[in-house]
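Order as written gives the chain letters A, B, C and D; numbering starts at 1 within each chain.
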Amino acid sequence: MSETWIIIGGWLAAGLTIFLFSFLYKDNPFFKIAEHLYLGAGMGWLFQVSVTNVWIPKIWEPVSKGELLVIIPSIMGLSLLTQFIPKISWISRYGFTFMMGYGSGLAIPAGLSTDFMSQIEGTIKPFSLLASMSPFAIFNSALIAFGAICVLFYFFFSVEHKGHLKKVSNVGIYFLMIYFGAAFGNTVMARFSLLYGRFDDLYTFSGAKYLYATQFILTGMVIYFLVYALFAGRSKNAIKA
Amino acid sequence: MPNNTFRFIPFLFASVLAASPVFAAKSTLPPITGFTAGDMPYDSGSIALLAWDADAGGDTAAAVSPGTLYRVFVSSLETGGWIKAAEFPAGEKMSKNIELPFWAWKVQGNTHALKVELNNYFSGFKDGTVFYFKIAKVKGAAAIESEVVSSVTVSNWFRLDRLNNLILLIILIIVFFWAVFHARRKGLFIRRIAGLDAIDEAIGRATEMGKPIFYVPGIGSMSSISTIASAFILGEVSKKVAQYDSQIKVPHYDPIVMTVCKEVVKQSYMEAGRPDSYREDINQFVSADQFSYAASVDGMISREKPAACFYMGYFMAESLLLAEVGATSGAIQIAGTDVEHQLPFFFTACDYTLIGEELYAAGAYLSKEPMLLSALKVQDFGKLVVMVSVFFSMILVALGARFGWEGFVRGILHLFRNY
Amino acid sequence: MLKEQLQKFSRIDRRWIFLLLAITLLVPIIKPIGLPNKTIAEATSRVYGNIEKLPAGSFVLFSLDYDPSTRPELHPMATALVRHAFSRNLRVGVVTYIAGSTGLIEELFARVSKEYNKSDGKDYVILPYMPNILAVMTQMSSDLYGIYTKDRNGIDVRGMPVMKGVKNYKDMSLIVCVTGTAILDYWVAFVGDKYSVPVAGGVTAISQPGYGPYLQTNQLKGLIGGMKGAAEYESLIKQPGKGTSGIDALNLAHLLVLALILTSNIILLIIKYL
Amino acid sequence: MKLIKKQIPLAIVFITGVFTLVSYYVPNKTSIDYIETMNKWQNIVVAFAFLLGLVSLFFSHYHKIARKADGWGYSIFVFVGFLTIVISAYVSGGRQMTDAGLTPLGWSFKYIYNALSGTMFAVLAFYIVSTAYRSFRIKSLQAFVLFVAAFILILGKVPLGQIIWDLALGWTGAGVDQVIEWIMQVPAVAGKRGIMIGISIGAIVTSLKIIFGIEKQYMGKD
């Protein structure tokens, strides 16, 4: 890859990034172009990966070597596409039911062991080490067990929640709220990290190596919005979020 | 120096002419007794199980005979062809270290037990192939060998160690069919769900204000429970909307969900006795792309300023975008989803939020649909099992740990462990 | 009068808030504040410890399942993990179940393998993308060559030195899954629990709280969470990278969120009770 | 007709479902062979499933262009994006990196796909701040508890927040990282475990319904 391609890449990446961000100010044609490119490129990426990693090595090569058994799943796979032709869309059921059956069959025992039995074991196991635990650790283990029971009871629908039972389920809500709060806090961090990533790239593209791509494109966008506001916006008093 | 050479020779011979017990007998080490080879139970037939007596007190790790090593050899021939399969210090790999629950494995005190995975050394052997095993005990330069024993491995038919999982599954299936059967015939009790009253209030307000109601079913497909529940809640909501002669809009992400919802809404309008007010454009397809969907629905909400917004079903990142716009447009918002990490956004921005299973329960409560009711009952049963077993085994385990009933505590833990 | 102004202020055009965020995040990128991450979560050091204790030459399987949309959080993490594995001279196998991650994996190994002088096929192998995770996971429990015959460039994997003696999970010392999806749950449920292989993970901050139960039961042998986790791991292996500089840039933005929540709620209180 | 339209598909779901389920409890070689074959087949079927999305995307944008619907010009860019990636993949033979450096495929990943897909989600950060200001309402004790937990986490995750905590609450002797650790490992685990168990049983029940043919909405209408 020559220097030129790297610079073109930088301009392209900076441009697409800024186009997508420009939606925050206002919907505009540049955003729409970038958005549609995203849809196409995402599908294109998936397509090329499927071709090079699955279709060629797992279907084409075996069949050309004479292993014909892979034709059965290929036909089931192709049957899915009949979805688009309403008259024969029932054929797609052969592919779907095969996937659903396999998935369900795997999910049941795994769900029982991982999310059910292991969770019970995990809740009670700390108590087997009671002798060697600090009082605070014992308190924590008891709190987890107590909290989990309360939350489960909150989601218990077969009895009316009245009197003391109501109190138990109320305590459960507070455990849920702490969990949600933690989730909220972490989500904030996660989204900011993504934004940091994009800004960091834009900052990279603003360097002399990329011929100041970010600055130029950003200025271009600002000019576009100014011109647009002057000509089209005046009549409608448009900019309101 | 000569002393060293002298000690070296038997060792050398022992490892080269491995099968000859003559040299081994001269060593000072206690002989290996009780050496047996057999089939490892509950496997596909590629593992052999060896067992032999440990030196007295050998199970307390390196307490007795420190520095003693075992070497395990396997071969497919009666003589020669030995491959080393394992080497470990005495005191390790005891019978009690085999990870199997008490109902599937009887721990033999002071016995070594070793699983040898034949697959690693011989590929593609058939059931019934005989394998030969021997072990050498080594301490410093002294070495001793066991006699050669043989065994065949068998491909077993049942994982007895997973019995606990199976029993739980069978119980669940029984309860499941009981619930399906009963729900169809009699209906089952479900407690009142707070927040469902808010639905009535929201619809009433929309009617007074003469503004539409938005019902957003999320981005799930028809195979997710939350979407199924959402479709049933939509049925009840649209029935009330039809009765009050208010307006409802349902923007869609998934074409299949849309066809189902069309039927549901149509049916509700019929049941409410207002088939004339039903319009095809109540359900409209927006986009099958997550962000375009969110952006379009956002646009619709901010333009039409609905009196109430319902977000019920499967939501990902768009929860944030939708709930914020709804909140700032001043609508009453009721949300419900089982996607936990989106719940905080709904909870802070909406007036009422159905959390996780409450969404399923709301669908069942409103529709009395046997399918949902029975599922909810089985879920309740499962939760009851967890609550009861956590509560009692917690007490028992704590008591056991307090009074040192080791086997008892381990037994309880085995009940819930997966293998 | 004040009330009205406050009301107006609380309904401020959200684009002002967008601008505020853009500034608070962009300024520290251009001019770093220079506050390094100090604390290290226990779950992160558990991952570190689990890799640290492996003898040289052990085979570690990395399942790198993230695409560019979660790259800023997960790429630094994966980089730090691979660096750690290489510095301990472990053998590294890479699988992926997200189509978008193949490019990032290439980029990562092209860069890091040079730092440690490691070569493709001898010290590490990158296996091709596979679409159906469950099927592949189940297959790898008996014979991974049943599904992975070639690496991503079409070279036969059986003959590679890196794969010597590796046939199924029993031959792997650790599985580390770095992902922003539920794929780590799959590793725990369908592999870790079922075939008792140690599984550790690296996830986005969003999904991090959800793994608490698995950590507590030790179904997960450690977890790195979000950019903070990446920064922590970088400081554990003493190689500061994008995680460390990222956490520095996030300082002000985090405080901005808190300030905004507090301001708006205080304004509401005043409006209500004044 | 009902047989091939409905009953055989339901039989397929039942048979594959039960066999796969049972294989968990049966260690025999037959069961392993069965599951290995299923794995391979499943892999192939799923590789076709994504064509569903591809075809429907193409259909809808092709129709827009053909009918010259509003904004049809943008739809062309869907095909432009698709072809850019596919052609560069063809040119590079599916490889992203050679000894000579990036291939055209690697280049389009780095500068097109990476930029677009990363930015789509990064936009959410802006909405989070605006949500924080405009719709995060501490309207009840429950919401307050949520807020406190969120507050501690947001604060404690960055060094500056840790400094502020130490200044304000350093006297308590508990560092903010310890408090976060405790929140994540004790009450949050209890909350998550409660939700998780319920939802997981829900998934098991749904799977049972699918296997036994009670739930068949995913098949669509006749």
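We take it that a residue touches a chain if its C-beta (ideal position, glycine included) is under 8 Å from a C-beta of that chain, and two chains touch if they have at least 3 such contacts.
Quick caveat, the model's predicted, so the values are computed rather than measured.
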item: From chain C, the most remote chain by mean C-alpha position; value: B
item: Pair of chains ranked first by number of touching C-beta pairs; value: A-D
item: Averaged-CA centre spacing for the pair chain B and chain A, given as whole angstrom; value: 21
item: Computed distance of Cα centres, chain D from chain C, in Å; value: 15
item: Chain centre separation (chain B, chain C; CA means) in Å; value: 23
item: Chain centre separation (chain A, chain C; CA means) in Å; value: 14
item: Residues of chain B touching at least two other chains; value: 162, 165, 172, 223, 291, 328, 340-341, 344-345, 347-348, 355-357, 379, 382-383, 386, 418
item: For chain C, residues contacting two or more additional chains; value: 11, 14, 18, 21-22, 69-72, 100, 102, 130-131, 134-135, 138, 152, 193-194, 205-206, 208-210, 213, 216, 226, 228, 250, 254, 257
item: Overlap residues in chain A, where contacts from two or more other chains coincide; value: 23-24, 35, 39, 42, 45-46, 50, 52-54, 100, 102-103, 106, 108-116, 118-119, 121, 123, 125, 144-145, 148, 152, 155, 176-177, 179-184, 186-189, 192, 194-195, 197-198
item: Arrangement of touching chains [line / ring / star / complete / other]; value: complete
item: Chain D-facing residues of chain A, complex; value: 1, 5, 8-10, 12-14, 16-17, 20-21, 23-24, 29, 32-48, 50-55, 58-59, 70, 72-74, 76-78, 80-81, 83-84, 89-90, 93-112, 114-116, 119, 123, 140, 143-148, 150-152, 154-155, 172-182, 184-189, 191-192, 194-195, 197-198, 201
item: Chain B partner contacts - residues on chain C that touch it in the complex; value: 11, 165, 167, 170, 193-194, 196, 206-207, 209-210
item: In the complex with chain C, residue positions of chain A that touch it; value: 24-25, 42, 45-46, 49-50, 52-54, 57, 102-103, 106, 110-111, 113-115, 118-119, 121-122, 125, 144, 179, 182-183, 186-190, 192-200, 203, 240-241
item: List of chain C residues in touch with chain A within their complex; value: 13-15, 18, 21-22, 25-26, 29-30, 69-73, 99-100, 102, 128-131, 134-135, 138, 149-150, 152, 154, 185, 188-190, 193-194, 204-206, 208-210, 213, 216-219, 225-228, 242, 246, 249-250, 253-254, 257
item: Chain B partner contacts - residues on chain A that touch it in the complex; value: 23, 27, 35, 39, 100, 108-109, 112-114, 116-121, 123-125, 127-131, 145, 148-149, 152-153, 155-161, 176-177, 179-181, 183-184, 187
